[in-house]
C-alpha cells in the first residue's frame, strides 16, 4: 500500500526521456520501422510474472506516452500495491510500432523499481508487530535515486535523507577531522539550520554516552553493533534521540534487531542489490 | 583484462556530473561544510573489500575530479583487472571536504560496475576452453547503459547491440506482425542498410530451417531451447549464421550450453541483477 | 565573517554559465569585438562603492574565468567579509575584451548577493546580544536560490529549508485540508522520514497549546503575532520546540522581537527586497 | 496597458521549469504529499494585496500548468493592466496538492515582475505630458532578463538592448582603448552591421560635439550630467541623434529631466531594485 | 516514396526546439509582436517552387506546433513523395503571429532536407535498372544528421552507419596503425561484437585479395578506383562480401559505376553539397 | 582577413560538443578502440585541398580538444585568411585514437564554414571597387547560425540580423496585416526600442516613396527589382535611408548591382547553398 500520492510528472519525465533517448539511439527503433506496417495496432498488457510489490508504473506510463501521446494507457495496479504472477498491471493500446519502441525502457524501469519495492516489503514483513521502521540509504543507482526512494516507500519502507544537502549525518571521518564528538557537535550546533536534522554515527556505547551528554543530535546511527549491544544502546537512547541500526543488516537479522526496539533499520541492499521483478509485455 | 582503451571522458562525464548533482542536492554537502575545516587535507584509498573484476574506475576518477580539479588522483588497478580484498584500486589526496563530497557517487558507480564485471567474469570462466562468448542484453539500468556495457567488456564478455538503432533484431512480435519469417526477412532485405546486422529470433528447429532457407539474417537468436535442441540448432546453423543462445541462461547452465558450440550466450542478469562489488574509501 | 567553505564550483557554474549566455546573446559582445584590439590587456579592480557585506565573489570569479580561462583573478575580500567604499574586492587582469564581456554578469551577481548579505547583516546586528537568529524564507529569486541562501549565510544569518523536499512545513492550508492540528500532526508522524524536520504554523496561543499537547513537530512558526503574544508563546514553547517568528518582521521590530527570546526570526525581505550593493569595475 | 502580445510559451517555459525544479528539490513537496489527501480539490484565487501594475501572469500560469496540466487556470487581469488591493488576477482550480506545490514559484515570479512593472509605471507617470520615454538597462536578474524586460514594457516603459550582441554601446572604456571618439566611431563604421544600432556614451558637451561632428552613431548616452548640461546637450543633438539620459536618474528627478526634451531616460533601478508587489493565493 | 514510418517526435523535437530558440533570440519575433494585431489569423500554405522530392515535413510541422500548439496543421505531401512547382505540401492556419514566427525555421529545415532528398533521388534514378543502391556518408551537417539520413531515405537512398559506434569501418590509417590488413582484421575478429558490421577500405585489387583471404569483414569499401578496376573488384568479391564504391562518385559516373554490379555507391555530396529545394510560405 | 577577434569558446563549445556526441554515438569510436593500440601517437595536419577562405578553425580546434585535452593543437592559418591547395591550416599531435575520433566532426565543421567564407569572398570580390557590402540572411543551417554568420565575416561579408529579436524587418505580410505602409510604420514608431533598427521591404518605387515620406525606417529592403529600378531607388533613398538589394542576387549580377550604389546586397545562398571546401587530415 502506498502512503503517498505520485510525484509530479515534471520530476519523473526527464529521467524517462533520458532513458528513451539512450535506448532509441541515433535512428530510433530500426527493427520496428523496417518490419512493422505503420498502421498495425496492438493491445498490450504489462503483466507480472512473479509475486511482489509494484513500483515504477508512473515511469512506465511516461515511457509509453512520451514515445506516442496517442497511446491509450490504463494503470490497473497502482504503485505500492501487491501483485501475483499473471496480474495485469497496465494495458496499452495503439500503434504497434510505438508500443514496441517503448517496451524495453518501460520494463527496465518498472522491473527494477518493483524489485526494490518487493525487497523492501520483505524486510518490512520481518519487522511486523514492532514499531521498527525499515529505511534506505544513499546507495542508490546514480540518476535514478528519486524513483528508487519512491520504490522503498511503495514497499512500505521509509526514506533516509535524499541527498547531501537535506540532512546532516556526521560519520567517523567527520568526527576524527573535527577532533572528537563534543567538538563536532558544538561546531554543528553553531552553524546548523533549524530546519535540518542532525544524525551522528556511534560505534560504541561509550560514544553514545558522549553524544547523549553533549546533545545537539536528534538521531544516532548505531553502526555495526551486535544485537546485544544494540539493545543496550536503544535502552540508553530511549526518549532522548531517535535510533537507527546500520551495518550488516541482512534479511535474516531483521526480526531480531527489530525486537531491540530500535526505531529504524537502514539497509543499503534495498537499493543496491535488489534485482528486478520479472515483468513482461504480452500482446 | 580489458581489450579496449577507455571511452573519451566526453561521453562519461555527463553521466557522472548528473550523479553528483543528484547527490549534492540544493546546497552541497552540508555535513562536511559544517564540520570539516576548509584546510583539512586527506590521503584516501579506494580499496576492494571483495574479490572480483574492476570496472568504473574512469567514472570514479571523474567523480573526484569534477568535484575538485585540484585533487591528485592515481588509478592503481585499471578497469578490467582482477582485484582481491585489500587491494588499493585508486588513491586520492587533497581537500578532505572534496573527497568526502564525491565519495558516495564514486563508490556507487564503481561498486555497481565492478559488480557487473565480476558477474560477467564468472560466466566467462564457465565457458573457458570453448569458443563460446558471453554477451549482455539491453536489460541495463536506464541512464547507465554505456558504463554497464563497458563493465561487461571489462569482465571479459562481449556487447550485444547498444540501442534500438544500431542493429536489427527481429523477435516473435515482429514476425507475427509481418506475417511470418519469410515476409519479415524479405521486408528487411528490401530496406536494411548494408552497415547494420540482422538477427532473428527462432523458437524451434522448424523456424530455424525456414530462416536458413530464406536467408537475409546473419545471426539467429535461439530462444529458450533445452540443451539438446540447442545442440541440433547449432549443428544446422554452422557455417551459415552466427548463433546466440538466450533465455534462462543461468550460471549453472553455461558450461553445458557452451559445450553445444553455440557462438554466443546472452544473459540479461549480467546487468539487471549483478549487485555491487564491496568497495570502500579508507583514510 | 563566513562560517562555511564555498560551494563546489560544480553547483555554481551552471548558474553563471546560463547568465553569461543570456547576456552574450547570439553573437557575443559585438561592441568589444568591434572596437577593442584583440591584444589590448587590462588590469581591472572590482571595487565596492558602498559599505556592506560581501557575497557573490565565487560567482563573479566564475563569470570571468568561464569567459576566458586565461584571466588572472585574485579575490581580495572573500564572501562574508565586510567592505567599505573604495575597497578592492577582486583584481582581474588579461585580455580587455574578455574582462569587458564578463563585467555586467559579474557585477549583477555580486551586487545582488552583496545586497542580500548586507541587508541580512543589518538585521543580525539588531539582534546582537541575544540568542535569536535571523533566517530567510523561500521567497528567493527563481533560479538563484542557492546563491541567495549563501548570501544570507555570508550576512551572518541562517538558512530556512532550501526547497519543498528537505523539510515539512505545515501551514494553515495544510491544517485545514487535513482537518485540524491533531490529525495533520498524526498523519505527518505516520509518514515522515526520521531525517526530515517538521515545522507547523500557529496563529494563536490556543493553536500552540494544541501543537505542544499533540507533539510531532520540532519547530513552530509563530505567524503574525504582536510582540506580547509572541513573548507568551516563547515562554510556553521553551524547552519543548524551537520557535520561529514570522510575518511583518521589519528591521525596526527586530530588537524588540529578539528580546522575547524567540529562537529564529524569518524574513522574506532579505531575499525578495534587498536591492543591490553598489559595486563597480575600475580599470 | 500592454502594447505587445505575450511571448511564445516556448521562451518562458524553460525559465519556469527551472524555477519549479529548484523549488521542488529532490523529492517534490513532501509536506503536501504527506498531509493533503490526493483527492482534495481547491479553487484558489491569486489576489493583489497592493496597488500596482501586473506582470508575470504568463509565468504564473505556466508554473501551475507545468505542475499539473489538468488544473483549470483563468487569467482575469492580464499582464500590463493595473491592479488594486483585493483584485483577483487569476483563478486556479483542481488538485489541491498541485496548486500548493506551484504556489511559491508562481508568487515569486509574478510578485517580482509586477514589482518591476509597478516601479516602471511610477517613473512613466512622472514623465507624462512629455515625449520622453523610460527605458531599462542590462542590470537585470541573471536568468530572468526576458521576463524583466517584459515587465518594463508592461509598466509602460521601453526596452534598451537585450544583450551584448543586439546593439553596439560604446562606453568610456571602449573609447579609451580605441584611442578616442573619432577612432572608435571610425572602427565601428568599418565593421558594423547595417542592422544594428550604435550608441556612444558622452560625459561632456565637448565629447558630444565630437560625436556629432564625426557621425556614425544613432544614439548618444548622456551620462551623469546635471539637468542644465543635459538640456544644452539635448538642444545640440536635436534632429541629429536620439538622446538618452543616464546616471543617478532617481524618481524625484524624472519630471525635471523629462522637461529637457531628452528622448529616453534609462534607469537600472527599474530592474535591480524594484522589490516585489504583494500578491497572495487565497483558497 | 518513403519506405519507413516517421521517427518518433521525441527524437526530432529537440532539434527543432533548438532551431527555434536560435531564431527567436532573446525576445522573440519583435517585428511580428510590434506590428501584427494579436487576433489576426492566417491560413498559410507551404508550397513547392521547384520540382523535387519532399523531406523535412515532420520537422516543419513541429516548428509550427512548438511555437503554437493551437495551430491547425495538415501535411498534404508526406516525406518521401515527389513534388512539382506549385504543389501545396502543408497547410497551416491560426494566429498570424505564430505562423510568421515559425516560418523561417520551418522553411530552413524543410528546404534543406528536401534538397538532400531531391539530390539523392537524382542519383538513384541514374542507377535505375540495376541492383546498385545509393548510400550516404557521415559528411552530414553537425547537429542535423538524423534528419539528413532520413532525407536520404526519402530520396530512395540507403543509410551508411549513423555514427562511430554502430559499425566498424577500417580505413587506411587504421590498417597502417595496426600493421597491415591481416593483423587489423584479426584484432577486429577478437574484439568485435557479433551485432556490428565490419567494413574495410581497400585501394587496390591486391588489398582486396588479402581481405578476402583473411576473412572477418562483411563489406569492402572500394576506394577511388577507376571503373575498370572496380568491375574487376566486384567480380572478385561476388558472393563473398558486400561491395561499396566510394571516392569521386559524381552524378555523371553513377550509371557507369552501377553497371559494374557494385552493391552500393556512397556519396558524401548527398549531404554536404545538396543545397536547398525552393519552398515558400504563401498566405 | 578577419576584422573580428574570435568568439568566446563558451559560445562555440556547446555546438561542437553536440556535434561530437552525435558522431560518437552510444559507444564512441568502436573502430579506433578496436584496432588502434592505446599508445599509438600521431602528428596530423589539417590541409586545404582547394583554394578558398578559411573559417571554422576555432570549431575544429575545439573538436580535437574536447575529445582529448592533451592533444597539442596549433592553428597555422587563422579564420578569415585565404588558403591554397596544400596549405597546412592546423597541426594536431597526440594519441592517434583521439585524433581519429574527432576527425570527421572537425572536417565537417571547418569544411562547411570555409565553404561559406569562400563563397562570400567570391561575392565580395565582384563588388570590389564599390562601397557596396555583401551580407547574409537568416537562411542558415538550424543550430549552426553563429558559426555561419562568423564565416560570412571571415569571407569579408557583413551580417544581417542574427535572429528575430535583434532587429525589426517589416515584410509584405506585415504590411498587409497592419493595413499599409503608413500604419505599419506608425505602429512601429510607437512601440519600438531606440536600440533596435527598423528595416522595411518595398517592391516598387511607389512603396519606397511612401516609406520615405512616412519616415520611421532606417533601412529599406529593395526586393526583387531589376537593375534599372534598383538604380532609381538608390538615387531616391540616398542620404535618407540605408539601402539593401535582395532577391535573385546571383554571383553574375553582383558587379552590376553594386554599380547602382546600393549599400548592401543580401544573399541567402551564401549560407544555404555554399557547399564545403575540400579539407583533409593527413598523417
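So that you can tell them apart, the chains are marked A, B, C, D, E and F in the order they are listed, and the count of residues begins at 1 in each.
Note that in this section a contact is a pair of C-beta atoms (placed from the backbone, for glycine too) under 8 Å apart; a residue touches a chain by one contact, two chains touch by 3 or more.
The structure displayed is predicted, hence computed values, not measured ones.
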| item | value |
| --- | --- |
| If a chain touches chain A and chain B alike, it appears here | C, D, E, F |
| Contact-richer chain pair [C-D vs D-F] | C-D |
| Fraction-based call for chain C against chain A, same above half, different below | same |
| Duplicate of the D-E contact set - from B-C, C-E or A-B, the pair where over half of the pairs recur | B-C |
| Most widely separated chain from chain D, with each centre as the mean of CA atoms | B |
| Computed distance of Cα centres, chain E from chain A, in Å | 44 |
| Separation of chain B from chain D, taking each centre as the mean of its C-alpha atoms, in whole Å | 52 |
| Chain centre separation in whole Å, for chain F relative to chain E (CA means) | 23 |
| Residue list for chain C, restricted to those that touch at least two other chains | 4, 22, 24-28, 34, 36, 101, 145, 159, 162-163, 165-167, 169, 191, 196 |
| Graph class of chain-chain contacts, one of line, ring, star, complete, other | complete |
| In the complex with chain B, residue positions of chain F that touch it | 17, 20-21, 24-28, 33-34, 36, 38, 66-68, 97-98, 101 |
| Residue numbers on chain C that touch chain E, as the complex places them | 22, 25-26 |
| Contacting residues of chain F [partner chain D, same complex] | 3-4, 133, 135, 158-162, 165-167, 169, 190-191, 193-197, 199, 218-219, 242, 244, 263-264 |
| Partner chain B, residues of chain C touching it in the complex | 4-5, 7-8, 10-11, 145-146, 149, 159, 162-163, 166 |
| Chain E residues touching chain F - in the complex, by the definition given at the top | 15-16, 18-19, 22-32, 34-37, 40, 96, 100-101, 104-105, 107-109, 111-112, 138-145, 162-171, 173-174, 176-178, 184, 187-188, 191-192, 196, 272-273, 275-276, 283 |
